[in-house]
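Listed next: structures, encoded as structure tokens.
Next, two complexes with chain A in common: one pairs it with chain B, the other with chain C.
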Partner chain A sequence: MARRTRTGYRDVFSTCHPAINFFYFASVMLCGMFFLHPVFLGISLVGSVAYAILLKGERTARFYLWGLVPSILLMALVNPLFNHQGVTILLYVNNNPLTWESIAYGLAAAVMLFSVASWFSCYGVVMTSDKFLYLFGRVIPALSLVLSMALRFVPRFQAQARVISNGQKCVGRDASNGNLVQKLRNGMTILSILVTWALENAIETADSMRARGFGLKGRTSFSLYRFDSRDRCVLLVLLGLVAVVLLGAATGENDILYFPRIVVKPLSWWSAVVYLAYGALCLLPLILEGLEAYKWHRLRCKA
Partner chain B sequence: MASIALQSLTFTYPQREIPALREVSLTVGEGEFLVLCGKSGCGKSTLLRHLKTVLTPHGRRSGEILLDGVPLQQVDQRTQSARIGYVLQDPENQIVTDKVWHELAFGLESLGMDPPTIRLRVAEMASFFGIQGWFEKSVTELSGGQKQLLNLASIMAMQPDVLILDEPTSQLDPIAASEFLQTVLRINRELGTTVILSEHRLEEVLPMADRVVVLEAGAILCQGTPRQVGKALKTLNSDMFLAMPAPMQIYAGVQSSDPCPLTVREGREWITRAFPQPLPRQELPGPEPDRGEAAVVLKEVWFRYERHGEDVIRDLSLTIPKGRFTCIVGGNGTGKTTALSLISGIQRPYRGKITLFGKEISRYANRELFQGMMGVLPQNPQTLFVKKTVKLDLEEILKGRGIPHQEREKRVLEMARRLQLQDLLEMHPYDLSGGEQQRAALAKVLLLEPKILLMDEPTKGLDGHMKQTLAAICQDLLDQGVTILMVSHDIEFCARYAHRVALFFQGSVVTENTPRAFFSGNSFYTTAANRMARHRFPTAITNEDVIEQWNRNKP
Partner chain C sequence: MEQEQTLARRARRRRTLLTALLVLLVMPGTILFGVYCLDDRKYYFISLLLILYTMVPFLLVFERRRPQARELMILAVMSALAVASRVAFFMLPQFKPITAIVILTGIALGPQAGFLTGAVSGFLSNFFFGQGPWTPWQMFSFGILGFLFGLLFYGRRRPTTARGQRLWLVLVSLLGFVGVMVVYGPLMNLSAVMMMTPQVTWSMFWASVVVAIPMDLVHAGSTALFLLLLTRPILEKLERVQIKYGLLETPPTSR
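Here is the complex of A and B:
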């Protein structure tokens, strides 16, 4: 159950257990935010943008291409206007030095910002409301129900506001009729009807809840998710990768000093391992997708 | 399985003199299908609410309610929650959570079942009701009929022995209602669940019932099998007959020694027996021909809600004659309500022209349009009420128009008299019954003195009596020269009262004619009376028509 949505296909990583989804996004977002080393930044950006394109399709790709690249360049150019630190002076503008370090720093900050934003947009697609509810409802069961009811209530409230507004429009009392005072008054009237309506109808909802035994002791919480063996596999890989990356961070592989002069650790076999682990981490959803595609291909060939 | 017994139950609401239920004694056997009917406000809901302790209203009560011989108060909440399922009237209000699967599991979660059991039960119910297809959807994506089915399914997941349904189809369109009732019948027949159902649209449900109980003013008027009840009501000469299916009403109007027909098929056979030979075609009087003047003209109108959306209204051309009662009928989602919003100027077409009394609608100022030209009664009358009492609410609409206070009051009282609202003026609009709310909303709209009145499904949720009241009000308005346009699923009402009927399909009018020509020309989309009698009386479309022709041909 719970592996497919109305739109049909869902990417492989989305079908993993919500706990894995959440843990994954927490790790890549935190790493993406704190690692300002250019290699790490690049990996994070590539991973997040690639996943966003996988999730949201071609349109997003175009948006990234035309929106992202110019914005990053702009930020890289704006930073040196305010920041004159650094020792590698390229030229003077109005007696202010334009340094290579401040351009690099602006570039890094821009990339960091965009990769995290991109991770967030993926998070929005993958962590649907019911996954979130499932995860945090286990900590506080009452909260899960309240959130679920709120999610039911908000769209209803909006729809009813539209209906009432149309009803009032028909007697010439819509928020778009009359002068400003009248508009405000009509708007308040609509709000007041809405509140009356909500309270009135809440009585019936309460009846329906009580009729179905709400308030009895020992309420349980049902969900569609199960932590299966694949989830266990993915979790182990995920933990392994995160461990390597953290170890790398502890040994200073991600350290970078921008000012006064850019200082990074030289490339070693260990740093290569850490880069690889971070790359695998950021590209994990795509790797899973690729593996599944390969499996399907194999099955087709055999059949 | 369970049986329920009521022993001389009497109940009075607080601060009321007259009891809502009087000496009601009733037994419902295991696996029985019981239909409870009666006029609005006769105590149906009050009675049903007594069958579940958590829903029982406060008030003075005497008598006993027994579930399998045990007084209901002594049955604990957990057992009651599981064993007695209760489906309420409004499909929207009963849904608690945001996802279909969560809603199905809600009751089971309350009962504290473990997830594997819930998984099984939910899967079972989803399969039984055929809702696997929308199992993971948000409830907002469902239609009204689907919502009510979901409510039923989430009750059935708790595997109750008794299923109580309080006017479950009053908010549904006829097709969704029929589907819902068929599912209830299936539950009764296949699972043996006891069903107690209250309903005012009896056409469909009466033939399903094992037993019918008719309530009047809180007391049982008569009970028995549908046929027995039909006979009893005929001898009692009760006006409850208005709620009965068409074959029974026709049967009551003529002299016949045959048993009372319940369904259209039985009615057809009964007529064939009475008139073995085909009769010469006889014309019945229809509404007088139109005077030719048009109130509203739509010419090749196209409309869609979004630029890249689908067309909702396609090439719609329609003329609505002045001072006449025009009805638009048709299935769900064919654009009827959208057409109303175009005529009322809430939406604008992207192609085509709409003219009101010869002037294009876009040339009317908003104020001009809604004060003295167009009156719109929305589907849900509650959306019009803004004040604490009906009277204040009615006065509110006249404010800001420079009418002196005394004049306002006079007009409100006059309107209240016309719509029979005098006794309700001091009540809160939300405390009125469905039919009363409708009248109060109509009064509010009519205070604007519209020349054109648009109504969106005004007969939804009304019982036979209230429909008659509504029809009388419409007639009164027509006499004053008001043009009425109504969108409805209620073809019986349209056949009886309309001057013109138009059939909507795919965003346009397929055919438009006088009711008699319209309904006698259709074979499926027509009234029960016509379906029953068309092989002998092809031009008869209402119960009265059939009765008249019967009596004319049978001395």
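Here is the complex of A and C:
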């Protein structure tokens, strides 16, 4: 939630209003979770991975390439071990049928899990803590504060643990000193010091928050966002695309039956429209980025 | 003072009403919607909705109470400790202190705080371990463990003799073991089965339970071990903070 891009560059979609960011991620994640139709799965996977690479650079791309393909294949192979439904039997293993349907379903489930995880990693970069607090600070003030404070505390505790451990090292009581029992005991001491420090520090933080008027009426947010005309345009497009996709879902374009036999609706002009809308939805951040680059290019040509 | 009490009573009645509404109308409604409108095939969607409903009353109660800044910070610290502990042991699968810390929060600060700490740390730690459709299930499973231990132990008198305290410690660890095996494990297995297949059968569920036994045993064992190690120091520290800063109206029953 609190991580920013390393370079400090923010892509176009990240600069949109937080409400749009949140609505976008909520819709692509929910769609990604529940549409198990292969076309929809493919679109969601491509969109999420491409956006993750745009946000996090080429190291992520390499990670995806080496992590994605093997883990999806592994899940596709594991599912048939437990699942023997389906009518297209490929072969028998220990008297258990290995069916094409169960392999296909394993593949689909793996792609679904991966694309949702990938959407979440994009969410973590785009929806920073201040955006989250700006949106939910009024609706669920206490909970959103706990969420963002706890996320901030994790790296802080890790840093403090290093400080304490260095201090203990000077008196020969670090977790790396002594035999196994002593190491464990020293580790527990460090943990104990850390917990005491964390609790006391939390009380101090809370008191200083109270002193600055936490919980009073009329507080403002750290970051201010304006819902400008570009945001209105993006929101309209977003709503239109989501409406088409939901209509498609209502008419069963995304329906797929895996067992006992794979059944999909045949391709029609309406299903093509729904696929296009879903594709535009999943690629929206990239499209915005492209439009911006094009605009910039045009301006430079004119000048 | 009297006015405050009537206000509090009215708020409590409204919360009870909301919970009753959720349990009696919205939940069966969702299940029926799944059976009739979605042809009873979207188990995962419906179960996810049900899981989210169960979390709503906790969150509403928490928000309505207008918690103090100090209370919020303590919860944030406990969640962050739970998350950091899960991250610190990342190389040992399932061998994590996170469940123990959630359970201890429930014991020291009550069922509600236990549930919130569990749900928050489940959500946040998945930013490090990977979010996915399993997140709400994990949030609920951690949360309900914290809630149950809060119900069992919060505000109860603790033994004062050395022998009694040792027995109490063993009891907490044993219950932690049982809790992970009986509550956390089956819930997560159910979610895994629902993610893997569109048609859930009992035999599949039992198969997943059997397959998951080694992993659940490691998780439960590590929870019991961490409870043995951490219960005394962490409870002492939490109670010390509570007494020192007067966080609770009624101080913890025993020292």
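Some notes on this structure:
Keep in mind that, in the parts below, the second predicted complex is superposed on the first by the 211 of 303 C-alpha atoms of A that agree within 3 Å, B and C clash if a C-alpha of one lies under 4 Å from a C-alpha of the other, contacts with A are read in each partner's own complex, and residues count from 1 in each chain.
FYI, a contact is a pair of C-beta atoms (placed from the backbone, for glycine too) under 8 Å apart; a residue touches a chain by one contact, two chains touch by 3 or more.
The model shown is predicted, which means the values in this text are computed figures rather than measured ones.
Shared-chain residue A:192: touches chain B and chain C both. Legend: residue contacts after superposition of the two complexes on their common chain; A:220 is shown touching chain B, with no touch to chain C. Shared-chain residue A:172: touches chain B; no touch with chain C. Once the two complexes are overlaid on the shared chain, A:200 sits against chain B and chain C alike.
Residue contacts after overlaying the shared chain place A:209 against chain B and chain C alike. Within the superposed three-chain model, A:46 lies out of touch with both chain B and chain C [touch as defined at top]. Of the two partner chains placed by the overlay, only chain B lies in contact with A:163; chain C stays clear of it.
Applying the stated contact rule after C-alpha superposition, one finds that A:130 touches chain B and leaves chain C untouched. Contacts of A:33 after superposition: chain C is touched, whereas chain B is not reached.
In the superposition on chain A, the residues of chain A contacted by chain B and by chain C overlap at 1, 145, 149, 151-152, 156, 192, 196, 200, 205, 207, 209-210, 214-215.
Those residues of chain C lying in contact with chain A across their complex are 42, 44-45, 48, 59, 62-63, 66-70, 72-77, 79-81, 83-84, 87, 116, 120-121, 123-124, 126-127, 130-133, 195-199, 204, 207-208, 211, 229, 233-234, 237-238, 241, 245. Chain contact summary for the complex, chain B toward chain A: residues 52, 54-55, 77-78, 81-82, 85-86, 88, 90, 92-99, 101-102, 105-115, 118-119, 122, 136-141, 151, 154-155, 158, 341, 344, 346, 366-367, 369-371, 374-376, 378, 380, 382-386, 397, 400, 430, 444-445, 448. Interface residues of chain A, counted against chain B in their complex, comprise 1-2, 4-6, 129-130, 145, 148-149, 151-152, 155-156, 159, 163-164, 166-172, 177, 182, 189, 192-193, 196-197, 200-201, 204-205, 207-224.
Touching chain C in their complex are the following residues of chain A: 1, 33-34, 36, 79, 82-83, 85, 105-106, 109, 112-113, 116-117, 120-121, 123-124, 140-143, 145-147, 149-154, 156-158, 188, 191-192, 195-196, 198-200, 202-203, 205-207, 209-210, 214-215, 258-259.
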